[in-house]
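Quick one: this structure, given as C-alpha cells, is what I'll be asking you about.
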Amino acid sequence: MEFASDNTSGTAPEIMAALAAVNAGYAPSYGNDPVMERVRAQIREIFEAPDAAVYLVNNGTTANSLSLATYCPPWGGVYCHASAHVEVDECGAPEFFIGGGKMLTVPGARGKMTPEALRKALEATPHGFVHSIQRGIVTLTNTTEAGTVYSVAEIEALAAIAKSFELPVHLDGARFANALVSTNASPAEMSWKAGVDILSFGGTKNGCMGVEAVILFDPTKAWEFELRRKRGGHLFSKHRYLSAQMEAYLTDGLWLRLARAANEKAAALETAFRSHPDARLLYPRDANMVFASLPRALHDRLASAGAHYYCWPGDPAPEGPAEEKIGARFVCSWSTADAEIDAFARALSGSA
Amino acid sequence: MEFASDNTSGTAPEIMAALAAVNAGYAPSYGNDPVMERVRAQIREIFEAPDAAVYLVNNGTTANSLSLATYCPPWGGVYCHASAHVEVDECGAPEFFIGGGKMLTVPGARGKMTPEALRKALEATPHGFVHSIQRGIVTLTNTTEAGTVYSVAEIEALAAIAKSFELPVHLDGARFANALVSTNASPAEMSWKAGVDILSFGGTKNGCMGVEAVILFDPTKAWEFELRRKRGGHLFSKHRYLSAQMEAYLTDGLWLRLARAANEKAAALETAFRSHPDARLLYPRDANMVFASLPRALHDRLASAGAHYYCWPGDPAPEGPAEEKIGARFVCSWSTADAEIDAFARALSGSA
Amino acid sequence: MEFASDNTSGTAPEIMAALAAVNAGYAPSYGNDPVMERVRAQIREIFEAPDAAVYLVNNGTTANSLSLATYCPPWGGVYCHASAHVEVDECGAPEFFIGGGKMLTVPGARGKMTPEALRKALEATPHGFVHSIQRGIVTLTNTTEAGTVYSVAEIEALAAIAKSFELPVHLDGARFANALVSTNASPAEMSWKAGVDILSFGGTKNGCMGVEAVILFDPTKAWEFELRRKRGGHLFSKHRYLSAQMEAYLTDGLWLRLARAANEKAAALETAFRSHPDARLLYPRDANMVFASLPRALHDRLASAGAHYYCWPGDPAPEGPAEEKIGARFVCSWSTADAEIDAFARALSGSA
Amino acid sequence: MEFASDNTSGTAPEIMAALAAVNAGYAPSYGNDPVMERVRAQIREIFEAPDAAVYLVNNGTTANSLSLATYCPPWGGVYCHASAHVEVDECGAPEFFIGGGKMLTVPGARGKMTPEALRKALEATPHGFVHSIQRGIVTLTNTTEAGTVYSVAEIEALAAIAKSFELPVHLDGARFANALVSTNASPAEMSWKAGVDILSFGGTKNGCMGVEAVILFDPTKAWEFELRRKRGGHLFSKHRYLSAQMEAYLTDGLWLRLARAANEKAAALETAFRSHPDARLLYPRDANMVFASLPRALHDRLASAGAHYYCWPGDPAPEGPAEEKIGARFVCSWSTADAEIDAFARALSGSA
C-alpha cells in the first residue's frame, strides 16, 4: 500500500526493455545519439510543433530551473502558486540557475491561481521602477500540487494575462500526462496553443527511470538552453539512456496509458474515501492524487495496516487526540496495484 | 573500431542486470533507498574510510563542480592543470557552482603538474591581498587528460604543497579505476592517504550507465554538499537506479576488472603504434588512452578503414599535405573488443 | 516643503568641512588611510565593542547586501518584515550578493515583526529537509520602514528567538541614529547587547554625502567581508573621502544631533496632523517619518502649496473622488527647516 | 615624492568647489538630479554620440564589471590582456557580476594585445562547442596597465577582429583622458568610431573624488544596465554628488588639463631616468606612468629619500644583493608637483 509518491514507483517494463535494447554497441555521447533524433521527431509530432527545440534532463527540478533561467532575467520575478514545487521543494534551485530571481507567490484555492489573483500579483510589481524586482515569468503547474487539474481554458486565461504583461509562460508538467488524460485535451492544446512557451514534460513520476523533456516551442533560445544545461552539469555523457527512456515512453501512447492507470487507481481511492463517514476530501480528485482529512484514529489504523503516505502537520504524524484531523496525501502511480487499492479500502472501512 | 571516447561505450552487463533487479517494487526516493546504504558501506570499506560521506551524481562535470564548490569560496582560485576537464570541457560549470572562482592553470608536460610548477602558481597568487583572487583549492586529475597516471608518490608530493598553503585537494577521478590498476595502488593510498580531501570517483566512463560518487573523506561538509547537490538539480528522484549501478560496479571488483580490460586494450593499441615507423606516441601510455602523432596519409587510411577517434587541430581533420602530422587520441573502454584492436592494427600496418 | 525622502537632503556642513580638510595632500588608498584608523576607533568606542570589525561602503543597499551575504549561505532564508527595504527596494541585491537566498517575509503591524510571527515563520521552514530552503538569518530594521522604532526590549526578544534557532541577526540601521534618539538607548544596547551580530549603520540619510558603516561585532568573518566588498566593487579607491565623512559624523555627537533635529521636525509635523480633523496618522510617529491618511482634497491642497512627499496607491496620486483616502509618507531630515514645517502646517490648516 | 598610484592623489579644487556648490538645498535622489541631465548632455556632446546612455558609478572595478556583465553572458569568455585590471586587480568582480564568465588572457608586450594574438585567442575558443566557454567580449585597456597607449589605429584593428567574430568591445578607460592627450585623438575616435561599444570612462584617478561614467554608445541595453547597477548596490542615493563631480570634470576641458599635467610630470620623470646610467625604462612612457628597472642600491637610495612607488617582486622590496634589478612603477597624477619631480631627480642622480 504505497501512496507516498509517484517517485517511489519503479520503471515501466517497456522502458526497461528499451534501456536493455539501446545498450548494444557504441553510441555517440552528449545528445548526439540517433535515438535522440527520433525522440525529437516524436515530440514535435505529438505536440504538433515542428520547430520545437527538445532537450532531455534528469528530473523535474532541473527541467524547471533551466526553463525558468532561460526565460527569466536575474532581476525577474517568477509568479508561481504558493504551493508550487519551484517555491517549496527545490531548495532554491530556480534562484540558483536564474542567478537571482524572486519567487512571487500567487494565492489560490485547490492549488490553482485564479486570473484575478495573477493579475493582482503582476500589478503589485511596479513597472519600470529600478528599485524593484521586475516582472519576469509566469509558471503554472499541471497537474497542480493539490492534485487538481487546470482545464485548457484555465491555462489559456492565465497565459493571456501573462501575455498582456508581455511575459513568457512556463508550465511545470511533472504530471503533464495525468492532466492530459484527466481533461482529454491534446498535448498542443494544453501547451503552446494555450500560450505556454516552455514546458517541463515529465517522465520520471510516470514510469520512467529518470528523464524529463524540456520543450521550447519557440526555438530562439535553444542554444542558450544547451549551454545552460551543460554548465549545470545536466548534459548526460551516455545520453542514449535518457533518449531510450523517452522514446519508449512516447511510443504507442505508453505515457498516456501509464497516466490513465494512475488516475484510475486514484479514482478508486477517492471512491473508498467518499464512502467513509469520517474522511473528507480536501480537493477535487482530478488526476492521480487524493488529498484527505482524516481523524487520527483512522490514520493510525491505516498506518498500522501498512499504508504509506505523507501527512501533515508533521510526518510521521505526531501523537495527539484520536479525533484530531490529519491532512494526508495519497499518490497513485502507473504501478499501483488493484490489490493495494483493495487492501487500502478494507483498512479504511475497518474490514481488514 | 570505436576509440572516440569511453563515453561512447555501453553499460556493463552486470550493471544492466542490477538495474533490472532493483526495479522490482517500491523504493524510497531521493537517496533514502536501502541500496544506497549498502553503497556507502562498500565505499567506506574499499577506501578504508569509515567516516567518509558518500553521494552519487550523474556525471563527472557534476561531481567535479559540486566538489570544488564545497571546498572553494567564490573568490578562490582553482589550481588545475592547463588541460584539466574543469578548465577545458565543462563550459564554466565549476565557476557556476562555485559562484565565481577562477581557474588558475598550472603547466606541465604529459598532462601532469610538477610540484615546482604548482608551487610557483601558488606563490604567484598574492596572499592576503584583497585585490586578488585568493588561493582556493588544488585539483588534480588521475588518470590525466593526457592518459598518463600520477603515481601515489606524485599525488603525495602535490598534495603536500597544497597543504603547506593550507589548501584542500580535490581529485578528478573520472578514470580513477584506470589509474589504480595502472599503479596497483590501493584506493586509500591514491586518495586520502595521499592528501586528497574530496574525490570524484568515476563510474560512467568505466561501464556504468551514468553515475559518479563523490567521496568526502572528512564528512564535516556533508550536509552542505547535500544542499548543493539538491539545489543544483542533482538529487535523483528515483535514486535507487544510481545506487544499483554503483553497487554492482563495486561488487566483486567489477570496477577494477573493467578498468583493467580497458587498459589492456590500450596497451595492445600502444604495441601496434610502436611497431609502425610513421606513428609517434605523444605521451606514455599509462592507462586506457593512447595519444599519437600520425601523418595525414596514415590518418586517412585509418579513418577510411572505419576507425573513430578524435584528432587535432580540427576534428574531423582538415585537408592538408599527406605528410602533415595530426594529433590523435584513442580511448579504449571496458567494451573494446579484441577484434577492434586487431582490425585497427591491420589498418595501421596497411595489411587490412 | 520637501518631505519626499531623507535622501533628497544635502550634506551637513560639518561633513562638507571634513571633506575639504581631508583633501589636502596624498593619502593611502583602498581603506588604508589614517582617517579610517580613527573611524574604527570611534566606532569601537561608541559601540563599546573593542574587537568589532568596521568597514565603510557607499549606501544602505550595499551595507545590507554584503552583511546578509556574509552571514547567510546561498541556500538560506532571510527572515525579514514584509515591508523591509531588502525585500521591497533593492531590486534583488541581497539575493545577488548572497548568490541565492530567499526572502521569507514575516508579517506584522506598524512595520514590526512580533516574536510570535517570527517564531512561526522560522518553524514553517523545515529543519534539515534537503528539499527546502534552510533557515539562514534574521534581519530587523530600526527605525522601521513604517517610521516606528523597536525598543531595545523588542530587539532583544526577536534576537532571542533567532538565537534559539542558532541564527545570526542583522540590523538594517539606515536610520539607526533616529531610533537611538527616539529611545535614548545606547548604541551597544540597541545592537550587540540585544543580540545583533552585524549592523548596517547608516550615515547617508542622516547628513552624510554617501557613507554607511558595516559593523561586525564578532570579527571572525572580517576578512571574508573585505573580499566580498572588493569583489562587489565596493572598496573605494580614494577611501579617505568615506572615512572623513564618517569621522565628522561621529565627532562630538553630530550624528545624534542631526537625527534629533529630524525627529523633532517630524514631531512638529505630527502635531500639525493631529490637529487636523480629516487627517489620520497611520502609525505611531516614533522617529523622523510621519505616515498619514488624507482625503484627496486635502492632498491636492498640500501638493499645490508645494509640499513633496510620496503617496499611494500611485505616485503622483491618480485622480479620484475628493473624499477618497490617500496614504502619504512625510520624511524629515537633519536639514528640514522650521519654515518648511510652518508652511506645511499652514497649508494643512488651510490658512496658507 | 608620491608615485605609488594616481589613487593616492586628492580631488581637484574645481571638483571640490562643485561639490560645495551642489550641496545647497534638496535634490531628487537616485540619478534623477538635474545635474545628471547636464552630465548626460555633456558626455553626448563630447563623444559626438547623441543617443548614448550614460551612467555614473563609484570606481573602475564597478564600471568594468557592470559593463562586462551587460555585454557578456555567464558562459562567455572575456578576452583581455594578461595584465588587465579585470584579470589581476578586481578579486573576481567581473566574474561575480557576469555570473560566471572566464577571463581568457591574451599575451602581448608592453601591456598591449596584438591583433594576431587576439585572433589566435579567439580562434582557440571552439565555436558552437557546448563543452567550452563561448566567445563573449573583448576588453581593451587604454592607457594600458604598462603605461603605454594604444593608438586609434591599434584600437580599430583590435575592434575589427572582435567584430569579425561578432563580439562586442569594451574599453577600460580608467586612464582614458591620459590616453587621449597622449594621442591627440578625439573622444569619439578613441571609442565608438574605433569600434568600442561600451566605455568605462575614468574620473577618479584623474582628479575626481570617486566617479566613473559608463557610456553605452548603443542604448539598447540601457535599462538592463540600470537594473544591474541597482542590484549591485551601485545606484547612489544622493546621486547629485556623483553628477557634480563629473560635471565639473568635463567643464572647460578640466579633465584634459588634469591628464595633460599628469602626463607632463611623467615625461619629466622619464627624462630623469633616461639620464641615469643604471636605470632602464621597461616600457615606452606614453602617458602618466613610468616603469623602470633599477638596481637595488638605487632603489634603496630613492626609498630612503622618501620616494613612494610600487616595486616587484615583492613590495616592499625584499633584501638582496645591491646589483639585483628591481622593477618599479612610478605614477604621476594631476597633483604631482614640480618639486616632487625635482626632488626625485636629485635623489636619482645622487645629488640630493
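To keep things simple, chains are lettered A, B, C and D as they appear, and every chain counts its residues starting from 1.
FYI, a contact is a pair of C-beta atoms (placed from the backbone, for glycine too) under 8 Å apart; a residue touches a chain by one contact, two chains touch by 3 or more.
In this text the structure is predicted, and so the values were computed from the model without any measurement.
Asker: Tell me, please, which of A-C, B-C or C-D gives a repeat of the A-B interface, judged by over half of the contact pairs matching in residue number.
Answerer: The pair repeating the interface of A-B is C-D.
Asker: Look at the interfaces B-D and A-D and say which one is made up of more C-beta pairs in contact.
Answerer: Between B-D and A-D, the larger count of C-beta pairs in contact belongs to B-D.
Asker: Distance between chain B and chain D based on Cα centroids, please, to the nearest Å.
Answerer: That gives a centre separation of 42 Å.
Asker: Just how far, in Å, is the C-alpha centre of chain D from the one of chain A?
Answerer: Roughly 51 Å, centre to centre.
Asker: Please set out, as single numbers or ranges, the residues of chain B touching at least two other chains.
Answerer: Correct list: 30, 74-75, 90-92, 96, 99-100, 130-131, 134, 227, 230-231, 235.
Asker: Specify the contact topology among the chains shown, as one of line, ring, star, complete or other.
Answerer: Shape of the chain contacts: complete, all pairs touching.
Asker: Inside the complex, what are the residues of chain C that reach chain A?
Answerer: 74-75, 88-92, 95-96, 99-103, 130-134
Asker: Could you pull out which chain C residues touch chain B in their complex?
Answerer: Contact set of chain C toward chain B: 30, 73-75, 99-100, 128, 130-131, 134, 223-224, 226-228, 230-231, 235.
Asker: How about chain C: which of its residues touch chain D in the complex?
Answerer: It is residues 2, 4-5, 7-11, 16, 19-20, 23-30, 57-62, 65-66, 90-93, 96-97, 204-205, 209-210, 227, 230-238, 241, 335 of chain C that touch chain D.
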